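Think of it as A, B, C, D and E in the order they're written, each chain with its own count starting at 1.
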Amino acid sequence: MSTFYFIAFLSIFFSILVISAKNPVHSILYLILTFFTFTIHYILMNAQFLAIVNFIVYMGAILVLFLYTLMLINLNKESEPVKPFMVKFAGVFGGGILIVALVASLKSLGVSNPVILKNPDLGLVKNLGKVLFNEFLMPFEVSSVLLLSAMVGAVLLATKDPKTA
Amino acid sequence: MESLTNTIQSVPLNHYILLSTIIFSIGVTGVLIRRNAIVIFMSVELMLNAVNLLLTAFSVYRGDASGQVFVFFIMALAAAEVAVGLAIIVMIYRNTNSVDINVLNRLKW
Amino acid sequence: MNTLIIISVLPIVLLYLGLYKATKSLLPVTIIGLLAALGFAIAQWNNVALPIYHGMMMFDNFSIAFSGITIITTILILMLSGGYFEKISKHTAEYYAIILFSLAGIIVMVSFYNLVMLFIGIEIMSVSLYILAGIKKNDFSSNEAALKYFLMGAFSTGFLLFGITLLYGTTGSFGLEAIRDWVIAHPHIDPMFYTGIGLIIVGLCFKVGAAPFHFWTPDVYEGSPTLITAFMSTVVKTAGFAAFLRLFSACFAPLSDFWVPILLGITIVTLFIGNITALYQQSFKRMLAFSSISHAGYLLFAIVALGSGSANSVFVYATAYSIASIIAFGSLILVQQQNGSDNFESFNGLAKNNPFLAFVLTVAMLSLAGIPLTAGFMGKFFMFSGALAKYHVWLVIIAVVNAIIAIFYYFRVIIAMYFRSADRAEVLVPAYYKIVFGFSALVTILIGIYPDFIARFI
Amino acid sequence: MDKYIWLIPILPLAGFIINGLGRNSLSKNVIGFIGSLLVLVSFGLSVAVFFQIKSTGHPVNITYFDWISVGQLKIPFAFLVDQLSSIMLLIITGVGFLIHLYSIGYMHNDNGFGKFFAYLNLFVFFMLLLVMGSNYLIMFIGWEGVGLCSYLLIGFWYTNPSYADAAKKAFIMNRIGDLGFLLGVFLIIYAFGSISFAEIFPKAATMKVGSAPLFAITILLFVGAVGKSAQLPLFTWLPDAMAGPTPVSALIHAATMVTAGIYMIARSNIFYTLAPDTMEIVAIIGLATALFAALIALTQTDIKKVLAYSTVSQLGYMFLGLGVGAYTGAFFHVLTHAFFKALLFLGAGSVIHAMSDEQDMRKMGGLKGKIKITFATMLIGTIAIAGIPPFSGFFSKDEILAHAYAHSTTFYVIGVFTAMLTSFYMFRMLFLTFYGKFRGTHEQEHHLHESPPSMTIPLIVLAILSMVGGFIGVPEVLGGHHELEHFLAPVFEKSNAILGEHHLQASTEFILMSISVGVALIALIYAYIKYGKGGSIPVADTEERPALTSLSYNKFYIDELYDMIIRKPLDFLSTFFYNVVDRLGIDGLVNGIGKGTVESSKGLRLLQTGNVGFYIFIMVLGIIAVLAYSIFGLTKI
Amino acid sequence: MTVSILIFLPVVAAIIVALLKNEVAKYAALFFSVAELVIAGLFLSRFVPDASTQFTIDVPWITKFGIYFSAGIDGISMIMVLLTTLIVPLIILSTLQHKHSNAGAFYGLILFMQAGMLVVFTALDGFLFYVGWEAALIPIYFICALWGGENRIRITIKFFIYTFAGSLFMLVGIIYLYLQSPGKTYDLHEFYKIGLDAHHQSIVFWSFFLAFAIKMPLFPFHTWQPDTYTEAPTAGTMLLSGIMLKMGIYGVIRWLIPNAPLGFIHWQSLVMILAVIGIVYASLIAFNQKDGKRLIAYSSIAHVGLIAAGIFAWTTLGVQGAMIQMLNHGINVVGMFFIWDIISRRLNTRDISQLGGIAKVAPKFSIAFLIILLGTVGLPLTNGFVGEFLLLAGVFQYSAYHYLNITLAAVAGLTIIFGAVYLLRMYKNVMYGELNELTATFTDVSGSEKLTLCIICVLIIALGVYPHPIMHISEAAVNNLVQMINVRGN
């Protein structure tokens, strides 16, 4: 139990660092840490498949892509102009209010049932695979369109046009 | 592993909700206060992950696998989005040598 | 289902055609493919509709009707693309492909029967649109549009997902049927569910461009290539509303006491922001963007006054709006090509040299303004009827006030074309354009005179 | 005879159409001949009708077609000729014919000869309609129709703007009265459900004296009469109407149209009898007008203006007569007045003709030897109007004064005073014109000539009528037995029954008569001393006048007063309404809404800053609002 | 033989004419409009003047909403149909000497507008009524904006938006009635049966009233009108004033009062007062107008105010008066605008102060002008009188009944004085006085102008002398309607 709270604290801590770090590269590094804490959360919930996917896809691929892009366009320095204090304040304030509003509207600050693993095998690859390729086959297939489209698009946009520019 | 997962047994669902709400909102705050498009995008990713976490918690709580499958799809989306998003950012950087969103105010009024 | 398969496979074919430099065949192949898809869709008309693939999708008349109209609209828009994409770059195949990917997403959106499908459909559509908005890679506006759309879209996706998650958390399922059953079975609903609905509303309102989540619309519409703007403001908007309506009528109808006030507020704000802001625009394109916001407001009527007629109202309205918008954007493309400007002034004196173009554009504007004997009026009429039936009298009165404001900016085009003179040469209208314009104008008037032939769908 | 009665009005109408269409193609002789002849035929028919009624005693009532019929209200196009109207027919067609005849000579050199005759014929048509109508609406047709003809004829020489203005003024003032008339008609419809004389008068006769609707009806109808018969306060149009050709002044503005008001009240006598308050008002207005106009006439220098004011004054007398219940007397005066005033106008016309269109008496003088017939006839007319027996004016005026005396001594005194003034200004006119030295230009003197026979014959005929016309109403004290009264008795039967006979003693009557004759003679003598023998002439316009004279000469500044209290405020209101209320106020509001919307658009579009951060911030605010609603809104559900 | 012939002939004609060029279009339009008049005459000859609705057509249109293409002619509609079919050829005739650019479109629009107005006047279905209402608006907007004067763009858009605003509220009212109707249809007679409570009827009343009041226009909703009349081409002005504003009046009779009788009673006095204020107000403003067309525009507001007052008095007298006066006003006002058209075409000005003495050079013209003027001021034996008399009588009945004694009628009656004042002033300034340099060039009317004026003058006098046949047409229908909605309960 205390493990959860510790990890939760870390999650929040790192995510705050993500948005407050001046250097974008640091932000990414903090984000990696944050995602790592998420992976731990998944493991805690015995969602092994997600933990692995999160580790590989998010931290391994996506964030590295971020980092790569940052390096590519030389933004690895504290180049970002600082927003006016008022804007920042308004942003933080808005975010804070959002937390309060969300939580309040969920009305679940009070104690509720603990999360109990009814089915310890739930998050295992085998189990999820069954669900994914049975019930969720259709979305799985369709999401290939998504990826294809994104792929084509990314290539289309990121390539330099030889003629122009 | 077993002992690790057992610790979860006594964490109320609400705390998961609270946690992901907070992280979600931190993501939102990040979007609000940053000007670097990439960092903003990262904040969005933070938001998505908060949702993922919550979905997983619900899934576990309900003992229903579909939540975790949904997380899988979200990750697929995130991958697609990152590909496209970074491509766009790179494209813009080529044209403007900047990824500051405040520079992007040609379209207004 | 065949429709979806065809539309998903077609872009791959196109990409191959592009690879082999068969640029000439792209448009015909696309159109033939879409017509085939349309044919398959219509073939299923009135078949007994059951959820398929474990309740993931359902091709009922609703979905067929909206698939049909989105496909037709896409065909019309693509017919305007002759020569348009070539001017941007030589990657025309990709452009067609991505549009079709987007359309695939839309087909999913209008046929979903599970929130997962809704989500994936929306994302396919959105991600494709992010790309399409930015295809003019060297155009600063296009870049900006793409980034703005992307950032805000991704941001709003977060809320949509959060909402879906909360629904899942309370009901334990993503299936529409399961959620509806759960709603009916639980008179005292967990607050989390309500919050979920609220956040889903936010997410969807973003997609359809309703205030105060509309901010991306004008900028993105203006910055994107005009043809893409046409696609966004017609097909995408239609799909957004179809999805919106499908979700709410299937799941949340019993909870209307909760979400109607939210949507009511959003509707009113949307109407006012859209119409009033459109009033002062100097750019025709940007005016259309704001007008599309206001039309979102009218379309929201169907959801606010959710009832058996809602689907029909949305269908008629969206059809009317789409075909009129196609004419508007099509003419804009032509005028822009000639004048290089999308200001109202660039339409001055158009009637003298291009009476046909001026006439169809007038029909389109009248339709958008909701003048009787055009389809737009029927759309508004259906919407008002629905809202009044639910006793939203004030809403209708506000809508009336807004309809009055709207006349002013729509008529600016007409005034420019007919009553202001300018030295200008005749705008060349390609044959494809003429067909599209003629067809659209005809349909607009036809629906305006005898709406029964589409009003009995669904 | 009943079968041909429609011909009486239709013949002049035919004349109008023929002359109107052929005004450029027909020769002047033909036009004059057609115009006069048709009126003459009408006159013949009128005589026939008159004798038929005189012999049978029954009125003729013929319905032609449904004119207006709405719900309960049925208004047929129908004629009613009874004793009253038959006499009016005679006056209109008879005097009318003479004036047509006169006009042939008078207008001979005018370019608009055909038009003039067309209008005259049209006028006769409308006037006949007025008196023949069997209900108030047909009467109203004529009522307004004569107003129109009056307008057209006053503005006959329209190139002169002031003439055109006079025409307009006449029409508008008449219309003010017409509104009152119309409202009266509405009230009659409302009270009786009909407007046919034959239906409503018997109904009215059963009502109580002084009942409220009758008061309102009579007052409203009287407003109409005030406008048409140029009474206070609506009399100013009549003097201005002298802008028209002189025959018009004679026919319309002396003999016929202006008496329509008296005719109408005489026609509705039962209403008035039952509304004594109105009677009082009528009498007072009549008396005031008589005096007021006479005062103005005292100092006028334009020969036609003098006659015009005298007409107003005489009309006032008639109203006085009506007001004191002397219906027959008033009508008698209508009759005699028609003769002598037509005569005087035509005579004045003859003078003007002779003087090469000069109307200012200060430039005349010494004409009696040059235009003898005119002088002689004018003299007769003057004596008649002055009320010197045995000429016609004496009898009729005396009858009114006698009734006035019976009603109230004050009325009588003022009446007699007015009679004295009348005598004075009339003889002043006569002396100024015909006596003394010629004061005109040499050219005018050279040009002096007596008028052609077509003009003098009517003068002579009218002079004879003015002399003998009074004998149809010789009162019993003078040994007559008042033919007119007996003839008209059926018309006023019910009124008289209610009013009761109030016979003055014969001695009183004699005294009254001698007083009035006496004052007339005194005035005559004074006028002679001052203008005939003394040869004084009114001062030129440029010179100062004594205050009172000036007041009279300037018509008590009535026109200026109206200008100030009515016309100017209305014009001001008009401009104010247009510029301030309409343009700035209402339209400003309408435009303001439009402008406001555009302005708000200007403001609202600034929301679209182009900054993604800001957009998202607003989105977040929106989301917070939605969430806040779900927090607070939920409590309700 | 159904009314659809009457409705669709102009539509077909409009399309044909729109495709023709210049002179051909002109004469084709004239031919079609006369043909339409002949057909209307045919209808009239077969018309039985009782309270029934004849020549009906009733086919499903939008089944989902119970909308039918349902139209027919009763006595009230017959008069309006006559008005429309009579005035339109007259207007086309009056334009024969004009050279309109793009004549095909011009005449096509006129004919299309005629169809719209005929729909309004014959519709028995709320939706159809509304559609006709707007269908008549679009063409006139284009007529005014395409062939109008200098400020036409700003003014016509204002006109369009203003009137459209009103009619949208009416649409709301119509839909509302539909939703309340027992059979869920847009059928007029179903609407009559709804029987809402007074409060809801008030809402319905206002929603309709706004549309009609703006269209007429009634004070204080009139400010679009003088500008529009001034800027519009004369044919447009004639269409607007001659026929279109009668749509509003007709609407009051057929759609407003019977659909919301309780609301009507509740607001009757206010509306009456508005109408009467409008009469005096507009008349006063007309006093000092310099522009002839604008003067006639204000005079038209005053006249329409009287018609409105007569209707809102809701007595047989008043409503019958309104019926006949609509016809009369149509003829007179078209005549008036034609007069000004002739003047402004010859002299290129409508400034009254620049004119004068025209009577001298143009006697025929001056006579026609005078007759039209007399008709307008309502002199007896001209058409205007019968109408004004009945209207005022109706107002009088109302005011007498409502213990206002005669105040309201007396104030309303000021129109006959004021009308004379401003019109005679105008006549004097234009026709009388000496010629000046400008007016000396004036030539008398000839050809088609003469014919048009002749027809108008003959109509003015004929209707004034013998109005009975016309009144007979609508008598039964009006009686029936007034009896049905007996607001006094007696």
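The definition used in the following text is that a contact is a pair of C-beta atoms (placed from the backbone, for glycine too) under 8 Å apart; a residue touches a chain by one contact, two chains touch by 3 or more.
Just so we're clear, the structure is a prediction, and the values are computed from it rather than from any experiment.
Listed here as common contacts of chain D and chain E: C. Chains making contact with chain A as well as with chain B: C, D.
Put simply, the chain closest to the centre of the protein, by Cα centroids, is E.
The interface with the greater number of C-beta contacts, when B-D is set against A-C, is A-C.
In this assembly, the chain whose C-alpha centre lies farthest from chain B is D.
The chain with its Cα centroid farthest from the Cα centroid of chain E is A.
Per-chain CA centroids place chain B at a distance of 28 Å from chain C.
Work out the mean CA point of chain C and of chain D, and you get 77 Å between them.
Rounded to whole angstrom units, the spacing between the C-alpha centres of chain A and chain D is 101. Centres computed as Cα averages put chain C at a distance of 43 Å from chain E. Annotation for chain E: residues 161 touch two or more other chains.
Contact with two or more other chains is made by residues 594, 605, 608, 610, 612-613, 616-617, 620-621, 623, 627, 630, 634 of chain D. Looking at chain A, one finds that residues 83, 87, 90-91, 94-95, 98, 102, 105-108, 135-136, 139, 143, 146, 149-150, 153-154, 156-157, 165 touch two or more other chains.
Chain pairs that touch one another are A-B, A-C, A-D, B-C, B-D, C-D, C-E, D-E.
The residues of chain A lying in touch with chain B in their complex are 1-5, 8, 11-12, 15-16, 18-19, 24, 27-28, 31, 34-35, 38, 41-47, 49-50, 53-54, 57-58, 61-62, 65-66, 69-70, 72-73, 75, 80-81, 83, 87-88, 90-92, 94-96, 98-99, 102-103, 106, 108-120, 122-123, 127-128, 131-132, 135-136, 139-140, 143, 146-147, 149-151, 153-158, 160, 165. Against chain B, the residues of chain C that register as touching in their complex are 116, 119-120, 123, 127, 130-131, 134, 137-138, 140-141, 143-148, 150-151, 154-155, 157-158, 161-162, 164-165, 168-169, 172-174, 192, 218-220, 222-223. Taken together, the chain A residues at the contact with chain C in this complex read 102, 105-108, 134-139, 142-143, 145-146, 148-150, 152-154, 156-157, 161, 163-165. The touching residues of chain D, counted against chain E in their complex, run 65-73, 137, 140-141, 143-145, 148, 151, 155, 158-161, 164-165, 167-168, 171-172, 175-176, 178-179, 182-183, 186-187, 189-190, 216, 220, 570-571, 573-575, 577-578, 581-582, 586-587, 590-591, 594.
Taken together, the chain D residues at the contact with chain A in this complex read 613, 617, 620-621, 623-624, 627-628, 630-631, 634.
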